[in-house]
Structure formats: C-alpha cells, structure tokens
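Letters A, B, C, D and E mark the chains as written, and numbering starts fresh at 1 in each.
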C-alpha cells in the first residue's frame, strides 16, 4: 500500500495505481479539511447568518 | 554483500500422469489428505464442499453398452505458469496471497494472508482451489495425527495443492546440513507421487533433462488440460486413448486435438 | 453564579475551553495508547526455572552443542531432557533452579515446558539450516546476545494472539535498534532483499512466499 | 465548571486524535487479524524429531508393508515400505489411512460387558480381571458339562500365530469348530486339493505372465494385495501384456483391461470351457504338460472298469463356441480369437475369484478356469499359477489332548466342512447361521470372534444376526467397534494394528511365500490387551492340559520362539521369505496318479450327464425381474474393517451421497422401470429390501442392478456408520453342491421407484 | 410530534403511520441482520455457495446495486462537470440512492469474505494487478465521496442547520461539491470498470473472458458505460416509486425527461457496443478456445439462449428505442416500462457475468454447476433493500431532498 511495504514495487503499475489512489484520497482529504476549517473559522467569527438559505432563522 | 550461494538454476516442477496406468484407486488422495492435514467431516459426499487438493475425476467416452469406456484423471493444482508466471489465480488475488515462484515454478498459497474473497477459485478453470466453509475439526485425539510440516488452515480461507512444497523445504535443509545447495530428484517427491501404487504419477523438474518428467512430457500422447486457455499448466497427462486426449480440452466439431494445442 | 463559573462561560464562549478539553482528551488517549495499553496487552509468564547460558557456555563448544541440527537437516531447538540428563543425572551445583530441574523434571522424566521466546506462528517455516549452514549466519543476528545471559527474562505473551512479545519487539511502536529486536516478516524480508535470497516472486519481485511459509 | 456539548465534542476529538497517534488502534487491528490466523481452537501440531517405523498393516487382507512417519511420539502418516515383497513402497487406501484407525473415535478403550439387549450397543466398562474370569468360567462350565464341541472360534484367515493360537485353543479345549471367513481362496484351496492333491494356497506370478484372462476378478479393485496388483497392472501396460476381462459390468478392471468382454453373469465356467474347446480342437494346448503330467485328459477307466470320457471329449462334445456364445453372450468369433491368443502366449494365466474375492463362487468355475491353466501348462512355472505350501514356520509341539478334548474334537463340525458331504472344505462358515437357526439349542454355546466380522461380512446378515441372538455367549476381541462386537456379550479389546507385534503371512496371491512383521509403532493408547496374550492367559486360566499346551509367558515370547532364527531378520528387514523353489512337474502333484487331474474324483457323475450349467441365483423371475450383483470398489473396504474417514472422503458421489447408496443400472433397465439418474428407488430381493438411489450407467449389462459392497456399516465412527446399504443384507448364500462353498454371484431383484 | 424536524413547506404523513412503515421494514431488516450475524459467527457454511460457486447471489447483488447506484456518479458528472443544471432537482436523490447502494455493497463484501477481520489486507497487502483490489480501493474511496455528498444533505435538516458550525460546513461543502463530484466520477469510472474486469480478466473462464486494450478487457468499459446508462434509469425508477408512495409529484417532468433522454442515448450506444462485444466473443474469442456460443447456453436446466435475448433485446434495444424517441419517451407508461426493462436488463447482465460464469463447465468432462441461494443469503441480500427503504424514508421525511417539492405541492 505504501512504498517500502513487502508488496510494493517501484514500477509503472504501482506508481500509476497507487498514485491515482493517493491523489484521489488527497483531494477528498484536503477538500474535507478545508470545509471543516473554513466552517470552524466562520462559526468562530459568528457570521453564520448570511448565506441566504431559505432557513427559518433568517 | 550479495550472496550467490542460494542461486540454483530456475526449476519448473511439474508432473506427468500416465492415465493408462491410473486405476482411480484414490491412494493419491488419501496420501495427500494425510500429508497435508486436510480436514474431514461427517459427510464428504457433496464433492463441491469437500476439500481434496488432489481430485480424481472419472471420464467417460459417453458411448453405449458395450462400447462404453471410462478413464480416471487425477487433478492436482496445475501450478499454471500462465504468461510469465501470471497464472489465472495469481494475478487476480487482491491481497498477494497466492504467488508464483520463478525458482521452483510453484504457485504458493499463504492461508494466513487469505481473507477469503474466493476470486482465485472463480479464476481457476480446474477447480483446484478449495474453500474452508467450516472450521476444521478433528475428533478428540485425532489431532495427534497432524503433521507439523503443513499449517492447519482456519475457516474462511482458500487452500490448494502445494506440490508438497514442505518436502522441498525439508530436502533443502538436509542438503544444507550435508553441505549441498540443491536437492536431487528423488529427494523431493510429492506425497501423491510417492503413494501412487500404479506408479502413474511422475514428478520432477520439467526443465532438467536428467529428470524423468523431462522425457515423459515429450511423449506424442502427452497433453495438458485446457491448454487452449493459455493457462500453461505444469501437469502433463499421457494416454494412448484418443478419446481421453480429446477430453483434455474443448474442441469445435471439425478440430483435431493434435493440431490445435500449442505443445510444451 | 460563582466567579469561576462566569469565567468558564466566558472562556467557553470565547473558545478557550474546547482547546483545553481537546488537549485533555489527546493526552489521555496518548497515555493509554503508549503506556497502559502495552502493559495490558502482554501477560508475563515465568519460565519453569531459571537457566544460566553463560555457565553452560563455559562447558560446551558452541551454541550447536545443545541447539543442534538433526541428520535430516531439521533443527532441534530447545534441548530435550535426554540431552540434559547426560550431565544432570543428579544435582551438580548448588542452585535452587538446578534442584527444581532435577527433582521435578529429571527424576520423573518429564520434559521441561520451556516458553520459547522466538516461537513463530504456525504458518512460518524457518530453516535454521539455510541460515546457519548455507548462509553462515551467527545465532546472535536473530536471537541477540542470549548466550551471554545469566538468567532468563520473563516470557511475555500477547493476550490476543498468544505469541511471544519478541516477535513484535519490545518497542510498542515496532521500532528496532538491533537486528534481533523484532522477528516479524518484514524483518526477515529486509535481510532477504539485502542478501538477494530467493527473490523469485512474480508478484512482489521479492522473496517467494513458499520460502518462509508452509 | 460546566461541561457543555462543545467541550464534550472537543474531548472526543482529542481522544480520537490521540488514539490515532498512539499504537493502540493499529496494534489491535494487527493483533486481531493475527488472532484470526490461528484461532485458539485451531490445533497447532507440535514439531519434533521425525523418524520412521517399519511395519506391516493388517487392515487389508493384502497385508501392505508400511512405514510410519512419527514426530516424537506421535504417528503422523503411513507410507509404503520400500522393498516389501508385493507392495514394494506402496500401500492400499485402507492402510494409508491407518493412522485414523489408531487415533479414531471407534478404537475400543477398555474391556466391555454388554448391559443392553443383544446388538443394542449398550456396554459397560469392566476390568480385565473381571472379564477374563467371566470367560474362563463360562468355558470351564461348558467343558465340565461335556459340551466342549460347542465352542466356536471365528477368525478372518487361518494363517499366522494368532489364528493358530485360537485353533490350538479350540483343539485342546475339545472343539473342531475353528472357522475362517469365506473368500475366493477357499475355492483355490479346494481346487488344489482335488486337481493337484495339495494342501496349498495360490500364488500368481502375474509380473511374469504375458497374457491375462480374468473371469470377473477385480484385479485393480482389491483382489489379492491391492498395491501389488496395481503395480502388476502398470507393468502389463509397460510391456504390452494383453489383459482380457470377462465381466457383465465395466468395472475399473474392465476399463483398464486391453479388452473388456461383457458376459452373462454366472456363465464364466462355461466360457472357460468354451475357450478350452477351441484350444483342444485346434491342438493349441501344451502337449508336454498335458501328455506327461496330467491325467484324465483322455478317456480313462474308473474303479469299476468302465470307461469314462476324458476332459478332452467332454469339452469337445459339449462346449462348442456356438453353444457357449449362446449361454455367455460372448460372440463365438471372440471366443475363438481369445482362445488362440491365450494358448499361443508364452505364459498365459487365467484367474478367477469375483471382484475383490470376498465370496468363493462355484467350484465348477474354479475348475474350468484352472483347467485352462493346465491346458497351457502354466502351473508352477514362471509367469504361472503356483501352489504354495501353507506357511509351515509355526511348528509348535503337538498338544497333549485329554479325554474331553479328544471326544469333543472328534465330533463333526457344525458347518459341515471336512465331513463326508464336503470333504475338501476346511471351513464353511456361511453355513453356520442356518445350522444354529435350524437347531433347537444352538450348537455353538460360546463363540470367540477375532479379526472377523461375520455379522457384516456373511451373506444374509439378518439370518446371521438371528443366529447370533441364539448363541448364549459371544466374546469379541475387536479393537474397533464393529457389527459383530456389537452383538457380543463381552469385548476383550485387542491392541490396534499399530500398537502390537504380529506375524502377517502376506501378501495374498504373491507367488513367493513371505511372512511380514507388524510391530508396535506407538505404545498402546488405551487399556487394551494383545489378543495373543489374552488367549494364552485364558488357556492358563483353564488350567490342566490346556495351560500346558500354551507354555509361553506371553505372546511376544510365543512369537519370538515360533520365528526362532527368523526373528532377527524380521526385526531388521520387516519380513522374511521362507525358502521355496517350486517342485518340478514330475514331483509337483500329489494326487494318487501324481498328475494334474483334469477331471477330479469328486467332480461328480451328475455333472457329467448334465454338463456344467450356470449357477442359478435365488428368487423367482416374475416377482424379481432383474438380477442384483454386488461389486467391489477399490475405494470402499468390504472386509471386516470399514473405511477410515479419509477413505470415506474419496468415495465418488455416484456411489454414495449423504446417506444414500447408488445402484447402477443400464439406461434401458432404468427406462423400463421409469427410473432416472439420482431418483430414490426401492431395491428388493428375496432377502429384503432397501432404499437406494439410481445411477444410470452405460457400462452395465441391461437387466442387472449392481450394488457396491462395503457400505451400510452398522457401527464404527460417524464418518462411516449408517451410510448406504450393506449388500450382504440383500443376498443369501447359494450352496455349491460339490464344494459346499457359497456360489452365489447375485440374486434376483426388483427396482421400483420409491 | 416530529414536525419540528420536517422541512418547511412540505407535508408528511403522520408519525404513527411513518413508524408503522419503519417497523414493518425494520422487521425485515432485523431478519437480514440475524442472517448476517449467522454468517459472521458460524461462517459461510450458512450459504449454499460451494467450491464451484465461489461467487454467488451476494456478488451479483453487489454488482447490481453498484451498477444501479451508478446514477449518482453519472448525474453528478452531468450536473457538475457537463453543467446540466436542471439535474440539481434530482441530484440529491441520486446521491442518496448512490449512498445506499455503495454502503450496501460494502456491507455485502464484509459478509461475503471468509475472514472479515482480515478484510483490510486487501488494502494493506494490495496486489495492484487484481481487479478486485481496484474495486475495493475505488469502491471505498467513492463511498467516502458519496458520504461527503450526503453529509451536507443531512446538515440541511431544519434542526441541525440551526447549529452554526453545521450550517457553515454544509454551505462550504456545497461550495466545492464540484471537486468532490469530479473526483467521484473519476473513481467511479474506474471501479465500475474494474467490476467489469473482474470476470473479463478470467482467462480460465471462456464464458467471462474478454479481450481488450492494455490491462482492460472490453467488459471494463462496458460496465462503466452500462452503469452510466442504466443508473439514471434506476434513479428515475426510485423517484417514481417514491412519488407513488407519497402520492406527490416530486420532480418536474422536464427534469425526468432530460434524465430519461440521456439514459436512453447512453443505453442505445451501450447496447450497440455490447452487441459488438457479444458478436466478437461468440465468433472469435470463444471459438479460439474450443467453444461455440451454444455451449454456454445448452445442456442445463436454467441458462438458455433466452437469457441473452432478455439482456440485449428486452433489457437493451427496446428501452433504448423507447427512451430515445421523444414520442414514446414522453408517454409516462412507456417511459416507465423502458426504465423497468432497463433495470432488469442491467441486473441480468450482472447476473450473467457472475453466476453464469460460475455455472458454465470449463473442463469438457465437468458439468454445469447449478446453485440456489440459502435463506441466509436471501436475507442478507434483502437486508440492504430494507435498509435502503428506511434510509430513503427517513431522508425524505426529514431532509429537503427534492427542491421542487414545495413548488409542486403547495401546502394549503
């Protein structure tokens, strides 16, 4: 799964396949982290009321 | 600090089974059960749930009385070489449980690594792979007969014939202690070969001209099972009967066995 | 509302307390994971009696005098009673352990139930012959300086797996300093890759599985 | 301090983050997976020093030379012993799986006393002392009542020190009723007596024969010593030796043969005589042998001075190929062709003994087949049939017999063997049940059974059971629970086959005499006792002359003394081969004329008139339109001991599925009866009926129903018990009028949908 | 009672009626859970699988739900990447169905393997050459994506959204949803394909084996394509079912029409490719291995040539035509017929690629292996259906799944 594992070989197959996987995981992970942090900061700043969703506390 | 001592010439262990001699007695199966700690349960008559690394199939020429003929065909794991070691099962295993060794040409199966997805079983056209549907249970006292050379398998994993690889390991140990690096033909024989009372099974290195199998596989009546699929199996069969040879593979109506299969 | 409570409320509104709680949680679980967990994971067992390798080493040629190869190439491992009784028919020295040995095992003819630190799982085939005879390795590389020990350490058994702690290594993070600190598959493989031993696997281009497995 | 939701959440997040950064989750995941790799309940075999012990296995009638692989003190695996005569490095399935009999759950662990009804299987453990004194008392009582002849002993085979101890016991006790279980060897025994004048056992030099005619013998189905036969078969393939198999069903042997010749069952003798007809007519017989060393080939004068037709004329008169073809169903051209090939071969050999040879068959058949060997002069010759002397290494001093023993010993045997009616027979055990059932009081009062399993193996097992019900005291020496032991009052368990010393005259059918040595591979696991010791101790307990006739301390001493100088060889090599070089033809025959007699004295006037006709099977053709024939399958042990679990595992699913046995019928037969592959059906014979499944098989003569032997065990471990049907339950004996042997090859039957 | 949780501007049935529905379906769910536990505790001997039938009902269900769940990735792809904005009115539901399908698939895999506690070996000791490894990786990653897509929906629940953090989180996640959707589409393309590859690479099984390009057999592409083609149909079918169940129109006709049209064209192109593949396989691939097409469809009690006709004609050509031709597509009944036929078609395809592959004998002396599932297998296969119904019911009741619902069903 990671370079250095018994099953790992530095060949095209592993680099492409695992590269693709880690790339996808990276995007998901980073995206999610970004959302959470941004939401946390926005919450801390208390400007949660202005997004214009048709919600009741507007 | 590379060490060359262990590099012996690559081998391709394989078998030649003489179907004319095989009487279907089943001694190969029994010897295999005992050698490889194969579990047994109360009812083993449902063959699709019965673990037999070596299974003896009964073939029929499907002709009417009195022209009927039958032939037995022992089927161990074929240890397919496929294309450069990519046998049907080796390449599909998701967890690198099963592997092909270029040193011996043996397809290995590590039970403790297997998590039981059974993809390899789907991949094997010979049905040489078996799943442990049940926990293996030995009646009280009978676990005494278990051999320490072969690991006992747990429920939920796939197992198959290993060409009694542990015998190769043992033989190598003996060679090392005696100051040799390689094992002789007679030092490494599978349990079924050893047991076959008809001496129908011959086992050895298909690459080694000194081994009996080398010559036997070149018999004009030799064939392999399902050669046309490109599995490149290492078990050869010999039969003087044409219908038996034709039963070894699928042919279209107009095809003749000898002309189709890519030999050796 | 007390002053403290007010403070708390103020802090929690301002976001100070969550950080504190986060840190509390973090350190708690770190302590549990790194210190308490390893203690719980392993049970300590004592050997039947103590054994002094140094003392015995002085009387024999080398390790293989007791830990010998059989003719068929297999390795005998921990000596059986039959080997020990050559000298220990009766009590030789004045240690309490020897007295236990002679009285409880030699006289009734009972094998000593030694707990083997390096006992590998059943799926492992380890060839001593390949390493010692063919590879010319010494015992220490894998077993450490056990020959210089004057007493036996307690045997620690993993409560879940039932295997000796020596396999995973004493460092819970699995970090090793010496070659003999761990006996996991990767440790075997590391050396095999380095020495280019049986690197014949089609799948991994490393050691074929059936070299070390059975 | 107020812990609100937010603090709680933070704490949780902290714990989660800390856990991820600590080894706990990772190590636990890893350890859990390792836990699954060897569950606590998965046995882990202990390693140790490997060594091999050579022995001879007594699980099969062949007597396979074995080597047992041991790891420390555990027996792990059985393999063949290299160099052992006959089996040479190989062993049969039963013997290969023998470890399972050793450690298996049906190994009897202690002496048992019956507490339930006969056959119910309820026993209570008792001590050896108690058990021994119970038997001794019974025997003493019987003897004082002057009924010593009512002691019966049943063993599997006659040879070897253990059966001989029983024989001696019976003799000094005062009973002639020492019985052995039926087999094709009984037929050969009688044929050697009447045609060659010899007390002999057959040896077949199959390795050197160059033409094999088999009259239904299952050469690769357990006939003789299985591993030896397999190797012979392979040798034939290598050398191109023609093998012709006459059989109504395509058995494995037939499939392996060069030529399978389907034949109407029961007509084998006529076919053999048909072949003889061609050989004689075309002058293809062995002149030298027939002219110089045989008698009654040509016409001869009998005691009254009347001229009798010789074998030649009788055969020429009656068995011309057209007639034979009609009776046997074999085309006459084929008969002629095979006869010529057979006669022209260098060492042609003709064999009989159906299947694995569990039943003897008609004496005519043995006669006709053996006459073929005589015609080609292939007797006591390389590649031929040998009359081997019975093992004579057991040379114990003649016991002194007291009055009771003499009186009892002189009474006629219960089974009629050796009486005027059946002078050539030495044992006719299949007749015993009827004798008991017909008598008011059982003529057998105490029955000792060792190594044999009459309640399973004798034909018509229901009748056998009924007879056994009538015997007041049955003592079994079984080491594994079997059908007969279940009927016993007392079980004095013998050691298992891997736990004891024993001489094993083996292997069956080999052309040189060999005595193998079985030896203890492991120390006895349970509170069992060597049967030899038990017999010796019983004799001692009887006191007087009986005790004196058994002068040995124990069995081992008896065996060592008996084997004398050979003991050392046996210990080292595992066997010894007594000197034997066959006598010349001019010394070979001990008939009054010192010749090979083509028409024996007892061949009977009646047969001369009527000619040989097929043995009729029991049952009326209207109620039972089909004919059932039992067949042997190499993966099913049909002898006293049933299949080990490993062997059960090899049984094909066209023979047994779950608990149902399959019977084989031709598609036409099935079609007529409205049966299809796999359906449940009722197989009925005059002896009873059973639920079976149908296997439609092209390789069987229409009208026949073939049933595998060896299933339907009523005892033993869960792996073999109550699976399928014991074919002996559905078939009865048919007595051969000349020999008294059981000549039944089948029985009329009906197969209807269930 | 739970009115505070119900989205604004819509009407829902009474809590009692709802609870009854959940209870009934829940009972089925529990039955499934019981069977699942049996399989875990006692092992796979609880199933009727055997050494010839190593893949059975479950794997079919797995492949089928993943194909049907393909609606999520393809609708997402269309909305976020291609820019079909109308699809925002159905994307939530597509995501929900996708989430159910994928979570079910993972659950099924966890039951199907013989050693669940070692299941993670597939990641840890991955063999990158195995199609199953690719399936496992992409499946779990894509499941993560679907979870991410589903979370903001949950957070939009009236009460949850009151929590500022959740409110912001949902908003932010919506903001970069296109990135997730793109990643999801990428992953999905691959794992749908690898599922096709699972049987396509089995060169020991002439029935399943297909040639292809590089490491990918044709089935790799066919599976991706068919999932994209039939997935939206399944979304539409589920929408229709929910509309029937709730008695309300939830999505506007133009949205349905658009998705049906796209589905139709996809099916059409797919079925042409499938026919080409079948012909090549029947005329070239199989004969080269000694088989005729009819070898695969005769001498057994179940698998006749009808199965090929059902899959290609009834499940492919006919729905394709109905959905492509505007006239027939706009006819509600015909459209629904086409959609149902399509769903059957793709399910049959997955069945064939799993179960028939196992059933066809390869060794000439072998026999057709027939198999029927045990009740434990059936129960564990129904388990996801029950779970899906419950999740849809809960989501529909408490989350604003259908943006057009208030407009289409104004509350008095």
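Rule of thumb we're sticking to: a contact is a pair of C-beta atoms (placed from the backbone, for glycine too) under 8 Å apart; a residue touches a chain by one contact, two chains touch by 3 or more.
Small disclaimer: the values here were computed from a predicted structure and weren't measured.
Between subunit B and subunit C, the least number of touch steps comes to 1. Shared contact partners of subunit C and subunit E, listed by label: A, B, D. Of all chains in the assembly, those touching subunit C and also subunit D are B. Chain centres computed from CA atoms place D at the largest separation from subunit A.
Two chain pairs are in question, A-E and D-E; the one with more C-beta pairs in contact is A-E.
Core chain by CA centroid proximity to the global CA centroid: B. Computed centre separation for the pair subunit D/subunit E is 63 angstrom, with centres defined by C-alpha atoms. Separation between the centroids of subunit A and subunit C, computed from CA atoms only, is 40 Å. Averaged C-alpha coordinates put the centre of subunit B at 33 Å from the centre of subunit D.
Among the residues of subunit C, those in touch with two or more other chains are 72, 74, 121-123, 203-204. Shown for subunit D are the residues that touch two or more other chains, namely 32, 35-38, 44-45, 47. Residues of subunit A found to touch two or more other chains are 6-7. Chain pairs that touch one another are A-C, A-E, B-C, B-D, B-E, C-D, D-E.
By the touch criterion given at the top, residues 115, 117-118, 120-121 of subunit E touch subunit D in their complex. Put simply, subunit E touches subunit A in their complex at residues 8, 123-129, 134, 137-138, 141, 144-145, 148, 156, 158, 161-162, 164-169, 171-173, 175-176, 179-180, 183, 186-187, 190. Those residues of subunit A lying in contact with subunit C across their complex are 6-9, 44.
Taken in their complex, subunit C has these residues touching subunit D: 4-5, 8-9, 12, 17-30, 32-34, 37-38, 41, 70, 72, 74, 76-77, 121-123, 158, 160-163, 168, 172-174. Residue ranges of subunit C in contact with subunit A, taken from their complex: 15, 185-186, 189, 203-206.
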